[in-house]
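Take a look at the structure below.
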Amino acid sequence: MAQLTNMQMMAVALARQIKDGMTCIIGTGLPLLGATIAKYTTAPNAVLIFESGIIDGNPLEIPTSVSDLRLALGASVLWPQYRYLGFQNNAYKKGKIDLGFLGGAQIDIFGNLNSTSIGDYWHPDSRFPGSGGANGIATNVNTVIIMKHERRRFCEKVDYITSPGWIDGPDGRKRLGLPEVGPQALVTDLGVMGFDKETKRMYLAEYFPGVKIEQIAENTGFEMDLSRAVIAEPPSEEMLDILKKLM
Amino acid sequence: MKSNNKVMNMKEAVSTFVHDGDCIALGGFVTNRKPYAAVREIIRQGIKDLYLEGGPAGGDVDMLIGAGCVKVYFNSYFANSGFTEVCRRARHAIEQGTILWEDYSLDVQTLLYHAAALGLPYIAVKNMLGSNMIDKWGIAAEVWEKDPKLASRKLMVTSNPFNPDEQVCLLPTPKIDTAIIHVQRASAGGICRIYGNTFVDVDIAMGATNCIVTCEELVSEDVLRKEPWLNQLPELVPDAIVHAPYGAHPAQCTNHYDYDGQFLKMYDQASRTDEEFIKYLTEWIYGTEDNDAYLEKLGVSRLFNLRVKPGYGYVPL
Amino acid sequence: MAQLTNMQMMAVALARQIKDGMTCIIGTGLPLLGATIAKYTTAPNAVLIFESGIIDGNPLEIPTSVSDLRLALGASVLWPQYRYLGFQNNAYKKGKIDLGFLGGAQIDIFGNLNSTSIGDYWHPDSRFPGSGGANGIATNVNTVIIMKHERRRFCEKVDYITSPGWIDGPDGRKRLGLPEVGPQALVTDLGVMGFDKETKRMYLAEYFPGVKIEQIAENTGFEMDLSRAVIAEPPSEEMLDILKKLM
Amino acid sequence: MKSNNKVMNMKEAVSTFVHDGDCIALGGFVTNRKPYAAVREIIRQGIKDLYLEGGPAGGDVDMLIGAGCVKVYFNSYFANSGFTEVCRRARHAIEQGTILWEDYSLDVQTLLYHAAALGLPYIAVKNMLGSNMIDKWGIAAEVWEKDPKLASRKLMVTSNPFNPDEQVCLLPTPKIDTAIIHVQRASAGGICRIYGNTFVDVDIAMGATNCIVTCEELVSEDVLRKEPWLNQLPELVPDAIVHAPYGAHPAQCTNHYDYDGQFLKMYDQASRTDEEFIKYLTEWIYGTEDNDAYLEKLGVSRLFNLRVKPGYGYVPL
């Protein structure tokens, strides 16, 4: 097991969030990889949907984007974008989407995400692509977030809220008119974070084999509850094999 | 009244329907069916001060911004995903403050284009509530108010008049002068057929005042009228039909070709610095007179190697 | 020419409104017949569009409704209804639709139409299908109206405005927020009415051969300007032949 | 989470997803692809007090109203065009005041269903301004306000907040419990393909809480996944798939059959009086146990004669 990199462990942890039969919105990058692994191993009946309008694709190769022709293979429909977003807008009323998978450049303790820019919005130090589908996903469905675990990314206050998490606690979303869904987990290259049922604050749930809890605390720019952490279970042989083929 | 032949060459189509200061919208998605041939011609013609609705943008928007064609960019996303995670010329322009920009979520932008196609004056959504897209506007409120190309404001948060407890975000429908989309098949009169995902293409085509369609194949009207349920646009919508095979290169085009990964990697390098980018423009855009010349430069074997494999729909590993 | 019925003359007059190359929205019933005649004779390049989403159909038989499969033959697209209505909503800004053809049960001097009910709306003496696509057409494009010329149908005040005409004069539409298009002509079984450029009031433009002007005045329930009326030109032999085949 | 087999018989589908007092919406257009087999089953089950979104309605709505299933009818049009110019049972019910009704234009109703599918809380349009649909409401304002199945009001005229000189009509999105559509092909899991016009079917299917799909052919998923651009609904949308060949009879169904003109004329007569209509219900609906029995009663040669002629797409004269 020693040869598993943190990035590989991250992909495995991500794949574990997808239970068989779930319907999940998948974003570009690591979510695509995690979802493909899940589909090949523990969740062959997961339905993967994408903001490009590709619904229930069955990729044989890892796609480079959510609009990649590799994703459209064996899809059930190729919706125009507005159809997809309508389905997503109605999802929280109908419970038809289980999870959305999001990335970001910065996160705070309530899971609010920045994927827009670092520094002053009008004179940014670093500019990123912006929301893409992330804001809509974060607005309408429960989410799993994926990020690199670095102190500069885990901030007291993000420079720009692109995708709302729990805002500032249990009443934050309701107050702003948002559907009462939100971040369920955060998967990083060091471990898996949960969000407390009552306070909606992030806590450490699992740390990957070989990672020390202190290392996680050092890489987190705010005070996080570490008391509930357990070591993450290593992946099965089957998952390992698939991982090696894909990564 | 309609004209029955809308075929033009790219030079004519762009010079007729894209002017300095126009608001234009581009079809496709990131690295899929982007109207690159038209983008290259806009750059060749040195068109300036565009108000650019990018949708899910990639290198198309990046090249236009890098080549100095853009005054205002309405953004929801810009990446050649898998090749360049943040398009470098657009990023540079925003970081240096050389263009104006405004941020939206892709959902909202999609719905705004859809609203334009439906003729709705504005939309009410929940998306963007609780985000800084609501209160941090890229374009100052005074500019929104004064610039006749813009609505009176970016948005407004208010309560649903039918359910006062519910907050909604109102957004005005954009006024797009010209939409440019690349499709697989079109007739000379303007019937269009898109295979695979249609993204926002039909919406921008119908929401804009004018519409340029570039196509892989110029086909007889009879072929298209035999299966009208496969067509998206009637003759009534497009204003110009341009035959541009491989017109989405280096992006993908369903049933025709995959993206050109080697080219996208080259572009990733070329877009890193001003110097390299000027070299790229000189070699690949200013240095090619038109789409034919661009394709000749790419060469037959490269183009043939990009052709999708039937049954897969892409070029498998 | 004596054997031409008024109904046939009405179909001919209707067909004449459609010039070659025009794009026209066509409603069920007599408009369908008139449009088919026009397409077979003077306007082979007319583009006929329908609220069902059928665009540019080329029927070989007279369809029974705007959704009839007979209409879809050789169409350019079969749009979902919302696409059609979007196209129609934008038409007045882009000038992409030349005319819409409407029917109704009652009309007033400003071309306001009732196709909803006769008598009190809540306790109607006679109930009709309601607007269908008519209100949207009357809202967004210039129209030609088709009706039987009967005194009870030509009223001082219609019982219910289903489709707005010129409301109450030249400023009526603007005041109510309506696009500044409106009724251009009214074709009946007795003649053709126009709407005055200045006052927007209906006037008699043409009467069919065999019809007397007084007969039209008697069958009109309001005071109409008859001073500009001329006799309608009889149809060509070619149009007559087609008419006999179709009616 | 989804179940992979949604196939039910019609009895089960209707009793599971259509209850007394529900708001339902029906697909199709006047005499084209109307979900008649499901309508007949709703009548057999004696379901009452429906809030009925008819869209461009024909005999489907007329039979439901005539059979006493409907409490509130949201109307834009009701005719078996070419056979019955004003559906007689619905007309009678409105003239006698035995149902509540509300009038819309077809455009607005179409857009309201579309808004439901897009998840929009309300829409702003120009349509209906200047008409009595604005100020003469079929349902009293107090009823709109009190009935939990209805929005707080029919509509509201206000100014566009981004352009205060412009008047707009706001309408709240309907809350539809169950949509019923008839399609040509569906898989057991719920992928649906409609040939020909789709009308409002996709919108009501996606805008309603539940969706019953009846289909001409139950086909393998693999067939449908080979050409995903021809499909309209993924497995995620339908809740029940019912195999009902000729399920749109007496209406038309693209690629399958034309309308049954003889039947529509018979219905025109049958719907003239209460007595004749009860005879019709007894013979054709209560007297047939299910769709199979209904088709047996019609007989093989009648059904075969309705089959469309390839190249025409209908039964030519």
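So that you can tell them apart, the chains are marked A, B, C and D in the order they are listed, and the count of residues begins at 1 in each.
Heads up, the rule we're going with is that a residue touches a chain if its C-beta (ideal position, glycine included) is under 8 Å from a C-beta of that chain, and two chains touch if they have at least 3 such contacts.
All of these numbers come straight from a predicted model, not from anything done at the bench.
**Student:** Using the contact definition stated above, find the chains touching both chain B and chain C.
**Tutor:** Chains in contact with chain B as well as chain C: D.
**Student:** Please state whether A-D or C-D has more C-beta contact pairs across its interface.
**Tutor:** C-D
**Student:** What is the distance, in whole Å, between the centres of chain B and chain D, each centre taken as the mean of its C-alpha atoms?
**Tutor:** 37
**Student:** For chain A and chain C, let me know how many angstrom lie between their CA-based centres, rounded off.
**Tutor:** 57
**Student:** Measuring centre to centre with CA averages, how many angstrom lie between chain A and chain D?
**Tutor:** Their C-alpha centroids are separated by 40 Å.
**Student:** Quick one: report the Å distance separating chain C from chain D, using the average Cα coordinate of each chain.
**Tutor:** 28
**Student:** Which positions in chain A touch two or more other chains at once?
**Tutor:** In chain A, residues 72, 78, 82, 85, 88-89 touch at least two other chains, as defined above.
**Student:** Where does chain D touch two or more other chains at once, residue-wise?
**Tutor:** 111, 114, 118, 120, 125-126, 166, 168, 196-197, 202, 229
**Student:** On the basis of the stated criterion, which chains touch which? Give every pair.
**Tutor:** Once each pair is checked, the touching ones are A-B, A-D, B-C, B-D, C-D.
**Student:** Considering only the defined contacts, which chain B positions touch chain A in the complex?
**Tutor:** It is residues 29-32, 56, 75-79, 81-83, 85-87, 91, 94-95, 97, 103-108, 110-111, 114, 125-133, 136, 138, 166-168, 196-200, 202-203, 252, 254, 258-259, 308, 312-314, 316-317 of chain B that touch chain A.
**Student:** If you look only at chain A, which of its residues touch chain B in the complex?
**Tutor:** 28-29, 51-54, 60-61, 63-70, 72-73, 78-82, 85, 88-89, 116-117, 121-136, 139-140, 160-164, 167, 172-173, 176-179
**Student:** Enumerate the contact residues on chain C facing chain B in the complex.
**Tutor:** Result: residues 19, 21-23, 45, 47, 49, 55-56, 58, 72, 74-78, 82-83, 85-90, 93-94, 96, 98 of chain C touch chain B.
**Student:** Which residues of chain D touch chain B in their complex?
**Tutor:** Interface residues on the chain D side: 111, 114, 118, 120-126, 151-153, 156, 158, 160-163, 166, 168, 170, 172, 195-197, 229-230.
**Student:** List the residues on chain D that touch chain A in their complex, please.
**Tutor:** Residue list for chain D touching chain A: 1-2, 4, 117-120, 191, 202, 206-207, 209, 221, 224-226, 228-229, 231-237.
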